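For reference, chains read A, B, C and D in written order, and residue numbers begin at 1 within each chain.
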Amino acid sequence: MKLGLVGLGKMGGNMRQRIRDAGIDVVGYDRNAEISDSDSLADMVAQLGEGPRVVWLMLPVQFVKQTLDELKDLLGEGDIVVDGGNSKWINDKNNAAYLSDAGIGYLDVGVSGGVWGRQNGYALMVGGSDPDVATVMPVFEALKPEGDYGFVHAGGVGAGHFAKMVHNGIEYGMMQSLAEGWELLMAADEVTDVPAVFASWQEGSVVKSWLLDLCVLAMKDDPKLDKIRGFAEDSGEGRWTVEAGVDLAVPTPAITAALYARFSSRQEDPPAMKLVSAMRNQFGGHAVVE
Amino acid sequence: MKLGLVGLGKMGGNMRQRIRDAGIDVVGYDRNAEISDSDSLADMVAQLGEGPRVVWLMLPVQFVKQTLDELKDLLGEGDIVVDGGNSKWINDKNNAAYLSDAGIGYLDVGVSGGVWGRQNGYALMVGGSDPDVATVMPVFEALKPEGDYGFVHAGGVGAGHFAKMVHNGIEYGMMQSLAEGWELLMAADEVTDVPAVFASWQEGSVVKSWLLDLCVLAMKDDPKLDKIRGFAEDSGEGRWTVEAGVDLAVPTPAITAALYARFSSRQEDPPAMKLVSAMRNQFGGHAVVE
Amino acid sequence: MKLGLVGLGKMGGNMRQRIRDAGIDVVGYDRNAEISDSDSLADMVAQLGEGPRVVWLMLPVQFVKQTLDELKDLLGEGDIVVDGGNSKWINDKNNAAYLSDAGIGYLDVGVSGGVWGRQNGYALMVGGSDPDVATVMPVFEALKPEGDYGFVHAGGVGAGHFAKMVHNGIEYGMMQSLAEGWELLMAADEVTDVPAVFASWQEGSVVKSWLLDLCVLAMKDDPKLDKIRGFAEDSGEGRWTVEAGVDLAVPTPAITAALYARFSSRQEDPPAMKLVSAMRNQFGGHAVVE
Amino acid sequence: MKLGLVGLGKMGGNMRQRIRDAGIDVVGYDRNAEISDSDSLADMVAQLGEGPRVVWLMLPVQFVKQTLDELKDLLGEGDIVVDGGNSKWINDKNNAAYLSDAGIGYLDVGVSGGVWGRQNGYALMVGGSDPDVATVMPVFEALKPEGDYGFVHAGGVGAGHFAKMVHNGIEYGMMQSLAEGWELLMAADEVTDVPAVFASWQEGSVVKSWLLDLCVLAMKDDPKLDKIRGFAEDSGEGRWTVEAGVDLAVPTPAITAALYARFSSRQEDPPAMKLVSAMRNQFGGHAVVE
């Protein structure tokens, strides 16, 4: 089996290596010629030889559509495209229908694991048809962690990215919970060795988790996190989780709180508080910080 | 009737004037001799003449206890102390018991209205016994707005401050709601004249309210609130409302959100977001703002 | 001037009367022949005579698109369609572009005021071009409350519904704040006459508002609201406000809390709490309610 | 070394066994004679022999104070009392001062691990002086999990329970995050095998955690959790975490959301939504569910 892999950045590059380590040929394509195995998408497809050909996209969301356009011309009946990026699940059904006009199959795969995935394996959440999943299974086997877990065929097209979106939503909430607890420990005078408290929880406690392990790692170099600004971006999936909840009337207050805390962290001068301050000034003559 | 009034700051000073305008004698006492009508608490009490004497405290919370200590010696059977400050309701029962040893009555009064109260009247929420309320009624009549509203005998000792605390909790939530809406209008490109939108809501809309009127006033001078920092203090009653909700298992998510938004506005470098950022860096190699 | 008014339900019917009271001819159309002034949309348009003709839609969201389709054939150059329903602002630009092919103008109008509007006037938030607004101005004058307020030309197409959406978002947050305060007063033993406390706030207090007045009215008939179930629907605009905030990275925690409280009120057996309960059972042997 | 252990319920009973398995003598006392090793507290203390004697309390919060009263008479100079229950950290300094009059030392220990602790070990968070910790260290070694983690001397008296409180607050937020994600997966049509998705996350994913493992276990018997009601109690520490945050002006929105979701789950007819519904009825004639 040969796999075409489009996008060889931090994630894609590591995945190429892990798949090759499992004995599968990978022809990578990246706009950056230095890391690419091919000169163009067309060249990459040509190198894949006889079908069924499988092309895995590991691209930023904004490049997916145009790449699908090109691949629709390059691939054909029985071939399969896998979108392994952080695409919005709601686009998957459209993408699948678009490719299916040309007889091309489509799988959407949520990939978790970050920079640790090359070594430990990537958790994979897959959406699509049984036959398409069966075809790509050797690649999934190469990527996933050893053991019983780390792979799920979650449902039809869209289910993979939906499951990944929810996974990331949960991740937002867990990170926020750890962070609130840490802030509280730091603010109070009671606990004198906060990193030691976090480290102690790594065995025997209810909050034992990989995210906790990462907190402990981060505090090893920088016990009070003095070198890191209190500023967090968000990557889309937190927003989509909240939107999906709103759409389905499912309350997600903790995940939403986590998202809003990131929004707030990026506001130097929170606009809403300007109006609150203005009202306080109007009714109470409260001192306003100008 | 003569009233002793302790604390002649922004609130107390205006209240003295409004009570005098209603024809009631007021002997004020303040540490600031320039605005005081008496040299000391003892002098003030002496000027009140024969009982039943009524002494109204309009003091910052931290000065209430010591003033009650002094008044317990100066007053006696049948006299009444009124705590009109923003005291925590939970102290009222103790204060009442403490004074009742000396036969002194006690009323707790929540006073709303801010700097507009002198002209428009103050909303009063009163806790205490029927006879004590009846004794002080002329003062309440002087302070409250004209008409049917603006005064309530809410229950026994503690009920006045409890009602005022809840009033302020609601106020937090309403202010936050207006502020969130304003921030959204300002952030989107759709609405080109935000102050005009707020002004239009002053008649015929569901959000018609005094707080909305204050928003409109504030935007008259400073349409985008450029002169005001996004920074809001909190004065205690928001915190007590959340605590009372937690204690009684009553969820108060909107009021709590309002309180937390004020907390966040005072954090230049939100600690929790440091740890979120640190975790993101650990698992994803996400760029961290240092 | 003659106005075509489509949709004569609770809102539309009252508005027809208020516009007529101001001396403007209204030809109404409704699927319900008993209240309709015309047999069909075509008949209604025919009765409007020479242009410029103005047709105001007061329809449930799901009927707007098909009605625009029909009106595009019936109207022409210089005519104007007004969407006064609770439509999503994001559709307005499309609707305007669609009609503009036929030379038909488009205004989006957010209308607030509920069943009280016929008597007190409706707050109007309008989006669209200056000339179109000028043409429809007599109708706006008829509908709005007397005085300086209750009308705003908020911006271009979409601004009216956007402003109305934000208005309703604020309304959600205000209602939730009042409701949380009420629940807390009812849950605690301190305050013995909760309706009297709410009534007292109607003058001189910071929370003075039309929504507070409505609370007082509701408690007059039913002091403990025993006759009303704790169950609240949501009508779309709360959800859109949260979505717009998420899209623009504007945190709206109080408004979101209000929306989620309504979602939760409709869950008899909250699913998330099943899993929380299951986890508690797994780690702690906590008693689980089965 | 001999340890006195008061309270032999689910937690205490398992701990007695684990400590004995490590070769330490334990004299247990419980009101339930069938499981007790002694007839009374006095008998238990007598069986401990010569000092320094260590007595570990594993009691519901409400029984701690009276037990300390009794132990103050039974113990003396150089002995140590350990409060291993879920006591509020704020009481620890008082308890320590109370016992120190009699020369008795005091340690507060937060114990995590639930019913799995006997086998896997208990995470221990300890507050108190270095010499007292050193004395009790053999017992801590017996209880903690094997390896580097699971024990921390977090600070002076109070630090153990404070750390445990924060641990549980984080636990609330993590559980809520998992539960929100699960509810969303169940509500949407995309994912057809929700238990498989959760199971897949157990390796290679960012949300890998012990709580996730418990979710998977719970779904093994009951894939849709049909047998469990959506109803969750709270045990105090979530409330204290929110209170501590409010007191220190540390926003804890995700943990608070988790607590409030539990509160809401216990309200059959949410009071706040009665007033929201009543207001909607007043202004809009919205249908009210009666």
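Rule of thumb we're sticking to: a residue touches a chain if its C-beta (ideal position, glycine included) is under 8 Å from a C-beta of that chain, and two chains touch if they have at least 3 such contacts.
Only a predicted model underlies this, so the values are computations on that prediction, with no experimental measurement involved.
> Mind listing the chains that sit against subunit A and also against subunit B?
C, D
> Out of curiosity, which chains are bumping into both subunit A and subunit D?
B, C
> So which chain is the furthest away from subunit A, centre to centre on CA atoms?
Relative to subunit A, the chain with the farthest C-alpha centre is B.
> Just how much do you need to spin subunit C so its Cα atoms sit on those of subunit D, in degrees to the nearest 5?
Fitting subunit C to subunit D on C-alpha atoms yields 180 degrees.
> Count the touching C-beta pairs: is B-D or B-C ahead?
Looking at B-D and B-C side by side, B-C shows more C-beta contacts.
> Indicate the whole-number Å distance between the mean C-alpha point of subunit C and the mean C-alpha point of subunit D.
Result: the chain centres lie 47 Å from each other.
> Which integer distance in Å separates the CA centroid of subunit B from that of subunit D?
Distance between chain centres, rounded to whole Å: 38 Å.
> Please report how many Å separate the Cα centroid of subunit B from that of subunit C, as a whole number.
33
> Of all the residues in subunit B, which ones touch at least 2 other chains?
Residues 114, 176, 178, 180, 183, 187, 206, 210-211, 249-253, 256-257, 260-261, 264, 271-272, 283.
> Think of each chain as a node with edges to the chains it touches; is that a line, ring, star, complete or other?
Basically all the chains touch each other, so complete.
> Write out the stretch or stretches of subunit C touching subunit A in their complex.
206, 234, 239, 242-243, 246-247, 249-253, 256-257, 259-260, 263-264, 266, 271-272, 283
> In the complex of these two chains, what residues of subunit C are touching subunit B?
Per the stated touch rule, the residues are 89, 112-114, 117, 120-125, 127, 144-156, 158-159, 162-163, 166-174, 176-178, 180-181, 183-185, 187-188, 190-193, 196-197, 199-212, 241, 244-245, 248-258, 260-261.
> Using the touch definition up top, name the residues of subunit A that touch subunit B in the complex.
Residues 10, 114-116, 175-176, 178-180, 182-183, 186-187, 210-211, 214-215, 217-219, 222, 225, 227-233, 253, 261-262, 264-265, 267, 269-290.
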